[in-house]
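Chain IDs A, B, C and D follow the sequence of writing; residue 1 opens each chain.
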Amino acid sequence: MPEISELWKSVNLRERWETAPTWVRMIVSGILLAIAIYLPFLNVLPFAYIRTDLSTGGSDWSGVLTTIVIYMIVATGLNVVIGMAGLLDLGYVGFYAIGAYSLALFGSPDSPVTHWFADKFGLSEGWSVPFVACVPIAIAIALAAGVVLGAPTLRLRGDYLAIVTMGFGEIIRIISRNANGLTNGPNGITNVPTPPGPKDPDTGQPFFNPIDGYRWYWLCLAVLILLIWLVRRLEYSRVGRSWLAIREDEDAAAVMGVSGFKYKLWAFAIGAAVGAIAGLLFGSKQTFVEPTGFALNLSFLFVAMVVIGGSGNMVGALFGAFLITYLPERFRGLSDWRPFCFGVALVLVMILRPQGLIPNRRRARELEDRRLEAEEVATDD
Amino acid sequence: MTDTLESQAGEVLLEVDHVTLRFGGVVALNDVDFHIKKGEILGLIGPNGAGKTTCFNAMTGVYRPTEGEIRFDGQQISGRKPHHITALGIARTFQNIRLFPEMTALENVMVGTDARHKTSVLGALFKVWPRVRVDDVDLPRNRVKRAFSQTFGVSRHYAEERAGRRVAMGLLRFVGVADRANELAKNLPYGYQRRLEIARAMATEPKLLCLDEPAAGFNPAEKEELMGLIRKIRDRGLTVLLIEHDMRLVMGVTDRIVVLEFGTKIADGVPSEVARNPKVIAAYLGEPDDAA
Amino acid sequence: MNFHELFAHFGDITVDGLTKGSIYALVALGYTLVYGVLKLINFAHSEVFMVGTWTVLGAYSLVGADEGSGVGILIIATVLGFLLAPLASAGTALAVERIAYRPLRRKNAPPLIFLITAIGCSLVLTETFGQALHAIFGPPFGRAAVSIPSLIPEKEWVNLSWIAISNTQILVIVAAIVMMVALDAFVNRSRLGRGVRAVAQDPDTAALMGVNQDRVIMLIFVLGGAMAGIAAMLYTIRYDITKFDIGFLIGVKAFTAAVLGGIGNLRGALVGGLVLGVVEVYSSTLFSSNWEDVTAFVVLVLVLMFRPTGILGESLAKARA
Amino acid sequence: MRRNKWLGIGAVAISLGLAVSACGTTDNKSGGGSGSKGITANIGVMGALSGANASVVIPSVNGAELALSEWSAKHPDDHIKLVKFDSEGDPAKATPLATKMATDKSFLGLIGPAFSGETRATKSILGGAGLTTISQSATATDLTLEDPSPTFHRVIGYDEIQGAAIAKYIQSVLNAKKVFVVDDSSTYGQPLADKVKSVLGGAVTQSDKAQTGQTDFSAIVSKVKAAKPDAVFYAGYAAEAGPFLKQLRDGGVTAKFIGGDGLYGADFPKAAGSASDGAIVTCPCVPAEKVGGTFAQDYQKKFGEAPGAYAGEGYDAMTIYLKAFESGAKTREAVEKFVDSYEGQGLTKTYKFDEKGDVAAENVVVWSYKVQGGNLVPDQEISLG
């Protein structure tokens, strides 16, 4: 077994990738993208074994892929907050819910909000805000929520921030459950709009319908790639440097002119907006939102995605999101044993590989240093 | 004597105006009163526990004076946030080096250059607006992009990244760390780290550079080198406040010296004068290690 | 807004809240002890409590105690519950420390790693009772809520016009306060307690002074676990129920209580727990029970905005007699 | 070194797992298209088959399985398979499952979705694909009345009917003049409580809301104590009803306790302990022993336990599909047509679906059960007339 891991180390993919010429990287990225696009139609044995719909009682493969990509978007956003800015947010599901509910409240003809608008302004029955207009609304509401939550709490120390954000996530869920007049309460909101597109001429189904799941998958994939591209821009700019500086030494960063509060708040708001986009896609794909879909343990799941993959590293976070969404679907046969296995896996991964599966290089080094330091202390005794 | 000095060195840059600082019952600074003039190198010395670093921290916004105030360029700075003070033009280094250990030397300095940059989060995100003109050296090398940039200008983000990198490299060369610019800060040798910290502070384009015991842990040759560097910094038009332990270093490089003991100012004058001051001699006799 | 109800039964409602809060406070101690020394949030602590409640059920069935049993058996069962529940909980806490946390501490892993590990441990423990033991033994293990016989029948001991207090309420509140005082005295006065405080203040210096850090850490997990076990016993006496995931909500609330009172501070846990319990019951009376979590978190945020380190706010290290 | 070893073991374990489940896939694939002279079709069943809510759903799945095995014994040439889809009751997980069934043409019908939330999320998928669904337990009113789907049916009375029956029982059987209504703010409890409240009108002196996961009911208990009602109605599930009832009794409240079908099953007496004695549970399900035939015994024999909630409904839903196959239906359209026009006596009631997919109100049967010694004992049929 050590041979295998040695072999893996000697391959040293990361080094090779980073030193590869641009054209090699572009071709490899292109191939990866092509594979990603082709994935819903993958039906060649033995590769088709990765599909989730071949086993009895399995889920639709495109549907699972879409969910995976939506959670990857979540991981991308949360990675900004946790991995880059170093803020522990245990209420991320709150922003996810805000995204889904914003779309439902303004875009669904069944929501109390659109009813109220229709009554107030004498609009026609079944009036609602079009999907395209709901997107900026959702992002704006999420940004505002991020700022409202962050402004008073970001001055708190890390662990206090964790509990306050956790409370925020719960408050969002409870309000969406209890405020019957605003959100339909526990019954949720149906007829959440889907993105516009040409109607299917044969069936009259909208372009984005659940049967043609690959369209959803491609849409979400496009959004994911766009968001990754944008987040990478931030990472390699003044903003990313400031986040890193704050994470490393907040006082020194302040003396170098970095306003810790401002950049933390930005990280929070950007994370909130990305989370809302993911939630919006989720609500739209589902065409139905209800409060139980935004329970607290989803927040923990999100954090686990980022950490298990490798905090601070985008590829790691994406990989974590993939594993945590895909494995339970693929191994449906384990049914009631899945949470147990998940728990064992979490503990094992953390103990054996605390830097995450695909760690951020900086984080990995940091961890290695801490380990060595601990060993030194131990030998000093 | 003081009058002639003032006329020599021009206007006052920083004024510590009768500052008292108390922590509970402990008086850390007692009615300390001095000033720094533009273009000079001022030494702030005193035995251990004299209140040098406390005074320094008050100047850089870490502590707020209980009484009195600190003015920089005529503006009140006591109680302002550290990043505001940096924006006003005060930069500092730390006694126990505080670099960003997991960032490269270059990145460390670029954090400093960012202090003068205007790129907003949205600007960094979309890289579209506002657009600025840059010199030919800063234009992209790719021919198509170059032509585009010549016609429409480049985004401010691009311009500032390029300028920041250039300035940072220049500063690294200035302090002599350029040869290891892409190494992680924590992997640099001690002397490099000290000098890197100075470069990082200079990158914020300060008017006043405060160095907190920059020679700590240096051998005499390194100290000599550092003195040269400090003079070169002054020659670039910066005012330097030097907090130091080592009398010889201070004597060799400063224009004027302020001596603190037990939170009180006991002397203020040119080096030769201070060196003869009986109070100062008494204070330093109590601490023989410092003579080294 | 049911102000009438709140004022008409103010005394009763307050006692209800204090009862609820006492249990929060005892569980909060576990969070606070571990945080005070290791600066980490032990999210698996909620399941340490859960294990305690199942142990009580086991203890009762061991001696065959039921609501109709004779006085002798009732006393034996109750004593057994008070002994076994803390033992089992402390054992669970210790196991989590040894299996999951110690390897991480050896590597000096950052807090986030501990958090995820703790979530993993939580899942393993809940699923052990919800699934694994169910697969082996069948009921009562499993996902359904299980009633625990109430051996101490509810009786009103104090009944004044403005306040009525039952025997179990007095038992819960008094037991919680006694345990709290005992723990406080232990940490502040005993030699082992001095070790705990020393490690909390400065682990390295404490190690130099000859304090065995591993032993101190084991001790705090055992102490915290035992307190959660006592809380579990009191909880079953008061609420007569257990479930595989019963720890989750109480854990979240107890952690909130610990932060509210000032995490790392033993007396803060008591204050935070009682305040939280009372606030929740007031809120449930004024509005309805489905808003109580919102009220709890809003109160937490308000307190933290004015006192960023909680109501009492000092750390275990500084806590002195 | 040691670390590498562990990593290696993990890798082996994962690849073994993949291999094992891969075997399962191939096996399943080959089983698909064997065409003999009989009919080959899949019927899906979807609901929470694992997790905390599974105990509400499993009995109906067992019931369906029982119906199928009895039928298959008599029709050896036909290959009907009951395929289980575990949604965990979560709409997000139910959607891809529904899509899978919708796109897989071998599925001619679905029993489920079991809960209302997942039904709302998947109705348009299943309806769009023309896949007939017969739900055994989704009772939300809007599923048929407000937002009907062309292929949705249910073999159970919806909330409005249940709520009216409960209200009627409280008024005419319990003769309660003052009723305290509590719900659990869930998609099941709240509408049911609302319906009961609206029917009872002025008889409801006060109402309150709890939430799932709650164990301390002291605030509600003191409100109940102050209101001194004759009866307390709880709309919610066993995990909360248990401690609530116990704390009510501890608090000295002796009012009658009555709950909806969320409390039907063994979980409620287990959660409430001795306090549950005398509590009343209503359910739009017929007691197994009243069903006639040997259903209860057969179920007990096959699954080793007494039939739980909706076991009979699951059996009936499956039976309707099997009758469709007997009639020669081989396509989704044919099955849908058959089910729409189906008329017949099932175990629990007479079936005839109206155009929205509901069983006619007069055929819905609601029973009340009394808890005695930890068991639910059939009490009486609540007449809806």
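Annotations for the structure displayed:
By definition in this document, contacts are C-beta pairs under 8 Å (C-beta built on N, C-alpha and C of every residue); 3 or more make two chains touch, one makes a residue touch a chain.
Every value quoted in this text rests on a predicted model; they were computed, and no experiment measured them.
Counting steps between touching chains, the shortest path from subunit A to subunit D takes 1. Any chain that touches subunit A and also touches subunit C is listed here: D.
The most distant chain from subunit B, with centres taken as the mean of CA atoms, is D.
A separation of 51 Å divides the Cα centre of subunit B from that of subunit C. Centroids of subunit A and subunit B (each the mean of its C-alpha atoms) stand 42 Å apart. Separating the centre of subunit C from that of subunit D, both taken as means of CA atoms, is a distance of 36 Å. Between subunit B and subunit D the centroid-to-centroid distance comes to 73 Å (mean Cα coordinates, whole Å).
In subunit C, the residues that reach two or more other chains under the touch definition are 290, 293.
The set of subunit D residues that touch two or more partner chains comprises 51, 54, 185, 209, 211. Counting partner chains per residue, subunit A shows two or more touched chains at residues 174, 177-178, 336, 366. Checking each pair of chains for touch leaves A-B, A-C, A-D, C-D.
Subunit D meets subunit A in the complex at residues 1, 3-11, 17-18, 21-22, 24-25, 28-29, 49-51, 54, 83-86, 90-93, 95-100, 102-104, 116-117, 120-121, 124-125, 128-129, 140, 142, 147, 185-187, 189-191, 209, 211.
Per the touch definition, subunit C reaches subunit D in the complex via residues 2, 5, 8-9, 12-13, 16-17, 19-20, 67, 130, 139-140, 143-150, 154, 166, 168, 239-241, 243, 245-246, 248-249, 280-281, 284-285, 288-290, 292-293.
Per the touch definition, subunit B reaches subunit A in the complex via residues 60, 81-83, 86-87, 91-92, 94, 98-103, 107, 110-112, 114-117, 119, 121, 124-125, 127, 157, 160-161, 164, 184, 186, 200-201, 204. Across the interface of their complex, subunit D is touched by residues 1-2, 4-6, 46, 49, 52-60, 62-64, 66-67, 110, 174, 177-178, 180, 185-188, 190-191, 203, 205, 209-211, 213, 282, 285-288, 290, 292-293, 329-333, 335-336, 338, 348, 352-353 of subunit A. Remark: subunit A residues 230, 233-234, 237-239, 241-242, 244-245, 248-249, 251-260, 266, 270, 362, 365-366, 369 touch subunit B in the complex.
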